[in-house]
């Protein structure tokens, strides 16, 4: 089975929770965003505590949990926005 | 026109940009740094953006506003970095043929921007504390259900909020 | 602050006047001279005021706006005299703690100003005609009932329109 | 019976209809605004044609038809406003 590589970026309180700006993940082909989330929540319990309040984007667009990730995707994980 | 900038926003320039002979109305909205929020004194603010996505998101916001309202010209500028009391964090200018549309468009743009565009505010309070503002995020010490129990994801939630409108 | 002026309105000055550390939102409304109205091309406009009453009326408008909305600062400036396409005929700036109030206050002020404040617009069309704008006034050639048959007078009608809101 | 003197100002289309900016009227004491209106409408049929669409103010305030006029009052007569 082929592997794909995706980059994950963290922002604001999500960055504080992981203590990192980004991570590179090797995933099985056809991994869904929901599965990646499980991987990340397992690694960073502080991030997992934010649970469903976190927002997720793939390649600069908000994404739903069942989207299939592709090689080179840039995933972003962040809390509800507070600009304006 | 959309812009993300770490410099003072040129409000007069933004206003002139949207003025037009076909327009009967211009509405300009400015978000400014407020000293007191729920009794807590703010000393300064810091805005951090996921800049690449924020620009894409602002462009989509402009395009959707133009579909929803009879906009002649529109400009949206969001500030990043450190801001002091009274500084302008966001400026939106919109021109339309008639006034009701200009108010409606300006209000829709700022309401939607505040739900969608990936920018976060960190408040520096006068008592020395600092705090990210992230409406709806549980405190990191609150315990939540396991990840697998969590049903909704970003895209669905953003869409739901947009259609419901906000307060 | 209210003002009636035959000079260009200083929009930046008006905006700065209402900015305040207690304000989270500023809304600025500009009425501008539009080229086409219902397909007729305007070349220029002229605003005539009953200046003394207009100032009293604008002051009452400001006072009532402050009662209705949590306004921190407000400025209303109306232009008189000859205006060209794109010129600003009226500028309203208002600051409030939160944004929804700023939009509501700005919209209420311009809507109410347009019903109450004794200022009239004369359009100069590109075909050479000129015409007073006076919404609801019958053409002088239309015949009406005798004066004694006419029931309602100014104060009642203005009050009724205000409470009904306008389109 | 005493007489009072009031000034009447005309604006915009009302001024065009009367072809004058103002007039001074001598009225009986306790004359109501409605009675003054009848006097003016009789004198200027062009003004009368605007009928109930006209707005009336006394001393810079909108007035209702039953207000009693006093010596020195400044009455204004004008069409619906169109500022903004």
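When the chains are written out, they are named A, B, C and D in that same order, and each has its own residue count from 1.
One rule holds in what follows: a residue touches a chain if its C-beta (ideal position, glycine included) is under 8 Å from a C-beta of that chain, and two chains touch if they have at least 3 such contacts.
These numbers come from a predicted model, not from an experiment.
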{"item": "Neighbouring chains shared between subunit C and subunit D, ordered by label", "value": "none"}
{"item": "Euclidean distance of C-alpha centroids - subunit A vs subunit C, Å", "value": "52"}
{"item": "Gap in Å, rounded to a whole number, between the CA centres of subunit D and subunit A", "value": "74"}
{"item": "Approximate Å spacing (C-alpha centroids) for the pair subunit A, subunit B", "value": "23"}
{"item": "Residue list for subunit B, restricted to those that touch at least two other chains", "value": "31, 110"}
{"item": "Residues within subunit A bordering two or more other chains", "value": "none"}
{"item": "Chains touching one another, given as label pairs in label order", "value": "A-B, B-C, C-D"}
{"item": "Interfacial residue positions of subunit C with respect to subunit B in the complex", "value": "11-12, 15, 19-37, 85-86, 95, 97, 99-100, 102-103, 106-107, 110, 167"}
{"item": "Subunit D residues within the subunit C interface of the complex", "value": "9, 11-13, 16-17, 33-34, 37-38, 41, 46, 48-57, 60-65, 76, 78-84"}
{"item": "Subunit A-touching residues of subunit B, taken from the complex the two chains share", "value": "31, 47-50, 52-54, 56-57, 78, 89-90, 110, 113-122, 132-138, 140-145, 147-148, 150-158"}
